[in-house]
Structures are given as C-alpha cells and as structure tokens.
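Below, each structure is written out as structure tokens.
One chain, chain A, appears in both complexes that follow, with chain B as partner in the first and chain C in the second.
Right after this comes the complex of A and B.
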C-alpha cells in the first residue's frame, strides 16, 4: 500500500484509458502522457496498461508500507527516495516505511509514478483510470487527497536500480525550442471554413497555453482565428486531440477527459503520436502546430512504437544478463 | 619477450593505482595473471584505528559494471551527479553508463568524499573501468 502524505494539484490514478464506452458518451480518460506510462510499466515488467499515479504539480510526497519496486517517468522531476536522489526516468526500490518525495519539476508537466504490479484500484467499465467528469474510476473517482491509501498489486519485480533514456530525448523533434512544443496535426472537417489568412494565423502563431488548461482540454491564447462565417454545427463525436475554434477564435485542444461530443468547428487534430507532447507542455508555455500528412502521422506512430520496442528489448537484456543492480 | 620481475612489480603498482583488480596477459609460451588482493585493503580500512579518520592512503574506486558510454550528468540535468570534495553515502549514484536506451548507474561502493571523477562524459567505458575515486570516510561495509 501507499499512503499519500502531501499532494498539491489534481493527482490521479490513470492507466492507458477506457476505450470501450465511447459510444455511450464515456470519455477515454487515461494518462495524458501514454508513452511515459508505458515506459514506467516496461521498466517494472508490468502489463503496460497497469495503473499509475499521474502527478501534475509538485511537491508530492508518499510513504510505501512495504518493499516495492517503483519507477518515475514523464516530466523531469527532482525526487528522493528515503533521502537519496533519483534521476528522471528511473526505476528504484523502496523499503517498507520509505518516503518518496517529489520536490520539483524542472520541465514537462506530468510525472508518472508506477509501482511493481500496478496500483490496484477496481476496474470500472474496463479501466482503472479516474473519470473526473463522471466521478468514477481511479480512487473514488476523484483527485488524490492527503491520507489516501492506494492499494498495490503484489509483484515479484527484481530490485535492480537503473534508468532509461526519456522519450523526449529519443523522440526529440527538430527545431524544438526550450519552452515551445511543436506538435504535428492533420487538418480537420471544418478547416476549409477558414480563410487562407485565418489558416495562416493558425499555422504561424506561437500559441500560449493558458492557465485554463487541464486534463479536459488546453485553452490557447493568440491572435483570433475566425471562420469566413459563423459555423453552427450540431454536436457530433470528437476525440482527444481535436482542435476546436470557438467563436472567440482561441483554439481548444481536447484532451483525455474531454467530452465525447461537441459542436465548435474543428480546424485540425493533433496526431496520436504527438498527443503526449501536448500532455507534457506546461501552462504558460508555447505551442506551435505543424501540418502533417496522414502517412507521416503513421510514420510518427511507427517511431513511437520503435522506441517502446527498443525499451522492451533492452529490458529483456537486463533481465537475462542481470547486469544492472 | 620475457617478462622481468621488475615489470611484474610495475604492473602490480599500476593495477593498484588504477583500482583494477585483475589483469591477464597471454603471449605464445607465456601466460601471466595478476590479481590484486583487495581483502587486505578493506580489512585495513575496517580496523578500529581507521574507524574515525579518513584513510588517506586507500582510495576506493567506483567502477563501471557494464560497457557503454559514461555520463557524469543526466542529460536532463545540468549538474553532474557528484563533484570533487562532495560527501557521498554508500549506494549513491555517481554517474551513468549509457548502453542502448539503458542508463546503468555507477554506484558508490562506500561512503566517503569524492576525490576525483576520472572518466570523462562520452568516454567508452568497460566492465571494471574506474569512474570515481573516493576517499572512504570510515569503516563502512563496502557493497557488492
């Protein structure tokens, strides 16, 4: 078990998501950075869909009540286990009573704490992810609070301590600036409802991520992008990654806790392989959109899969060789 | 080429100084294996007299235990894991060896003061390559 000692923002239990209930209007939820969640689980030899703790704001402190392997992935954090510093994207080992202290986040927006065997909250509608909107899943369907006890599945994970190269390094994009994320998008249904000048504004602007950005969606600020004429559509199905343009001309990127439907015109959609980059973009930071083709989106998906495949292979080598302690 | 006893003595000294435990030289008609007896060194540092004061003559080497490229700092962190003069605990991470996507830690075998980081970032290191020279603080039990 894990006891939460200190929590600052809306931390929650997330697995990869809830994908079978969309037709009933139940959103996917799931880790905002699915690559980091998978990597953490791979590090521990877990099922890659095992639930972990998603932590958006530091400090965050917890106590392990038994010996257990754990991994920290996602954002670059300054963390200590029992007073000993642990680097980013690291698998380590806690002894009963040890305190994990995640003190600060130097870049990125969400840290993932995975534990050997996974966080063992009940499956609800096929997933352990917290559904904020519906208030179910995760731990009592809500963000974590001080004093919460998280059940952990039993695991026989090895006690080796080592790290892996963060996805942000292996999958680094060219021309990425320090505090600007470039994400690839495909134009969406109502793209042609915008004049060429409005389209150009959408592509050329460096969008500011406003404080009204969270697991539901990212609200961006920049020059107003307006359609030729107001677009009034009936609500229709949308998915995480869809970029809508509401009447004020300020884009909204739908994220993991988004509604399953909406009526605002859709100008573009973030490709699946870059959605985690949005999830790791910080409030106050900048976002830029790069138009990409469907085939390139598939190639990006392949790059992401190749990274995860290499991780799996590397981990098998560790298990076989027993080289790392 | 025959090996003189003075050569062996010199080799033994080099092993001792660089913190390497074993060397094997094979030539036609000749095999030479030198093994440094580290037990006496550890025993000496564990004696009651040495329990409080640093053992100036007996540095301990933190060594790589996999082959790969050494990194003094995590690529996401500007500051190296350790710097000379820094007090460290046994088990502390002193650097990384990158092999494929894996970052294997170089672990402090003993508590002490960092005397020098010998390996350079980017350098290829192998099993047993000395990475950090440590002045042990006291009679702490070495790991391994």
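Right after this comes the complex of A and C.
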C-alpha cells in the first residue's frame, strides 16, 4: 500500500485509458503522457496498461508500507527515497516505511509514479483510469487527497536500480526552442473553412499555453484564427488531440478528459505519436503546430513503437543478465 | 448554406475518422446513421462506431494502412443503408425552466424574439428522440427541437455548467448528465439519473428512446 502524505495539484490514478465506451459518452481518460506510463511499467516488468499515479504539481510525498519496486518517468523531477536522491526515468526500490519525496519539477508537466504490480484500484468499464466527469474509476473517481491509501498489486518485479533514456531525448524533435513544443498535426474537417491567411497564422504562430489548460484541454492564446464564416457543426465524435477553434479564434486542444463530442470547427488533430508532447508541455510555455501527412504520422507512431521496443529488449537483457549472475 | 449531396469523410488524426451524412438533421437520416453504425462496428480494425447527429465516428483499433479501402466501404455501406427504426421507451422528464441553473432562458428568448412562456412552450412541445449519446457519460443528443428556439453556441465555452442543465446549442437541445464545461445555453434543469457505471449498461438511455419534457415550474 501507499499512503499519500502531501499532494499539491490534481494528482490521479491513470492507466492507458478507457477506449471502447464512446457510445455511452465516456471518454478515454488515461495518462496524458502514455509513453512515460508505458516506460515506467516496462522498467518494472508490469503489464504496460498497469495503473500509475499521474502527478502534475510538486511537491508530492508518500509512504510505502512494504518493500516494493517503483519507477518515476515523465517530467524531469527532483526526488528522494528515504533521503537518497533518485533521477527521473529510474527504477528504484523502497523498504517498508520509506518516504518518497518528489520535491520539484524542472522540465515537463507530469510525473508518473509506477509501482511493481501496478496500483490495484478496481477496473471500471474496462479501465482503472480516473473519470473525473463521471466520478468513477481511479480512487473514488476523484483527485488524490492527503491520507488516501492506494492498494498495490503483488509483483515479482526485479528490484535492482536501473535507468533508461527519457523519451524526450530519444524522440526529440528538431528546431524546438527552450520551453517550446512542436507537435505534428493532420488537418481536420473544417481546415478549408479558414482563409489561407488564417491557416498561415495557425501554422506560423507560437501559441502560449494558458493557465486554463488541464487534462480536459489545452487552451491556447495567440492571434485570432477565424473561419471565413461562422461554423456551427452538428455534434459529432471527437478524440484527444482534436484542435477546435471556438468563435473567439483561440485554439483548444482536446485532451484525455475531453468531452467525447463537439461542434466547434476543427482545424487539425495532434497525431497519436505526439499527444504525449502536449501532455508534457507546461502552462505558460509555447506550442507550435507542424502539418503532417497521414502516412508520415503512421511512420512517427512506428518511431515511438521502436523506442518502446528497445526498452522492452533492454529490460529483458538486464533481467537475463541478473538471473545468470 | 449549401448542403453537399455526398457524405464528407475527414480524419481525426490517426485514431479516428468522421463520416458526415449529407442532408437534413432529421429522424430518417439518423436512422440510416444507426444502420451504418451497426454495419461498421463489425469491421476489423474498427474499435467503435459512434453515432453523432447525422454523422458517425469510427475509432481505430490500430490506424488503417489503407484508408482508401475504408472510405470506399463506408460510402458503399451508406448508399445501401436502410433506415434502422429502433422502437425505444418514452421517458417523461420534469423540468424547472429558468432559475439559477437555467439562467440563459431570458437570453434565448431575447435572441429568438420570443417571450419566456413561448420558449418554454416551444421547448416542451415535441416528443424528442435520443439521436446519439456523447459529450460526457450518459449525455443524450436529442432530435426534434423546433428551429424557432435555435441559438448559436457560446463564443467561449463555460468552464463549469451544472448537472441536470437543460440546454440549447445551435439547433440542438439536451440535458447534461453531470457538472462540467459547456458551450451551450442552459434554460432549465431536471433531476434524473442518466448514468451509473455499475449498471449492466451504464447509460440509462439508448439511441431510439424518446423524451418528453414536462413543465414542472417556470422561474422568471
């Protein structure tokens, strides 16, 4: 078990998400940085869909009540286990009673704490992810609070310390300035409802991520991008990554807790391989959009898969080497 | 506005595709969408076929390598789709119009150059059909609203709107199943449970069910 000692922002329990309940109006939820969640679970020998704690704001402190392996992935954090510093993207080991203190986050927006076996909250409608709007999943369908006790599944996970290269380094994109994320997008249904000049503004602007950005969506600020004429769509399904342009001309990127449908015009959609980059983009930081063809987007997903495949292979080799010794 | 006579098919990134039927926002078109959803949901690589308002979203198990084949199959299936008539239940929903939650009742009346009583009477008159579920858990999109009470969605969506809000957005109306952000205008509220994850089917209503709003009270 884990006891939460200190929590600052809306931390929550997430797995990869709830993907087949759209017809009931239930969105995906799930980790904002799915690559980091998978990497953490791979480090621990878990099922890659095992639930972890997503932590958006530091400090965050907790106590382990038994000996357990854990990993921190995602944002670059300054953390200590029982007073000993541990780097991010690192598997470590806690003894019963040890306190994990994640003190600060220097880069990125969300840290993932994965534990050997995974956080063992009940599966609801096919996932352990927290559904805030529906108030189910995760721990009682709500953000974590001080005093919460998180059950952990038993695990035969390896316990040696081990680190891996962060996804942000391996999968780095060229030409991104400091505190700016470049994400690839595919144009969406209403792209042609915008004049060439408005389209150009969309591509050329460095969009500021406003403080109203969260797991529901990223609200951006920049020059107003307006369609030739007001567009009122009949409500239709949308997915995380869809970029809507409400009448004020300020884009909103729908994220994991977004509504499952909408009617504002859609100018583009962030590709699956880059959605985690949005999830790790900080409030006050900048975002730029880069147009991508569907086939190139699939190639980008292959790059991401290759990174995860390398992690799986490396972990297998490490475990095998450990067994031989 | 020009209505295209062919369906529009567009990508939602790499995880889904949107099919928009040509023609009116009416029950015959929606019945064809339900039929198309039933067909497409059986295709390999399709995770879910999710009806919207005269449109259909297909989410992918894995992104298809051959998009053209999928698009051709969708067009063919639409051309041959016979309307699926679903005989649903009729639900009577008591509504308090106006008040704190329905604070946009006056705005809708002003926008449509109608009195509050007219808006309420026009809104409560039809037998609405559940066209689709979406937005948030258990939320139903309803067909059948009188176009006289149409009002465009908000310029900037609200961060929080109350659960049970009866709202108008464009030419559509619906009742929120829980509190959350909304770009629609709330004109009233109801207390009714639309969703419970512990039910065998988590949503209380399904496409094809019908709703009649019963005027419980009007707060001016």
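Convention: the second predicted complex is superposed on the first by the 322 of 325 C-alpha atoms of A that agree within 3 Å, B and C clash if a C-alpha of one lies under 4 Å from a C-alpha of the other, contacts with A are read in each partner's own complex, and residues count from 1 in each chain.
What we mean here is this: a residue touches a chain if its C-beta (ideal position, glycine included) is under 8 Å from a C-beta of that chain, and two chains touch if they have at least 3 such contacts.
None of these values were measured; they are calculated from a predicted model.
Greater residue coverage of chain A by touch, when chain B is weighed against chain C, goes to C.
Legend: residue contacts after superposition of the two complexes on their common chain; A:259 is shown touching chain C, with no touch to chain B.
Of the two partner chains placed by superposition, A:320 touches none, neither chain B nor chain C.
Once the two complexes are laid over each other on the shared chain, residue contacts for A:124 go to chain C alone; chain B is not touched. Within the complex formed with chain C, the residues of chain A that make contact are 19-27, 124-125, 131, 133-137, 185-186, 188-189, 212, 216, 230, 232, 234-242, 246-248, 252, 259-264, 266, 269-273, 294, 297-298, 301.
On the side of chain A, the complex with chain B involves touching residues 76, 84-90, 106-107, 161-166, 169-170, 307, 310-311, 314, 317-318, 323-325.
Taken together, the chain C residues at the contact with chain A in this complex read 8, 10-16, 18, 20, 25, 47-57, 59, 63, 65, 67, 132-139, 141, 152-157, 159, 169-172, 177-181, 183, 195, 197, 201-203. Put simply, chain B touches chain A in their complex at residues 65-66, 74-77, 81, 89, 91-93, 96, 98, 100-105, 107.
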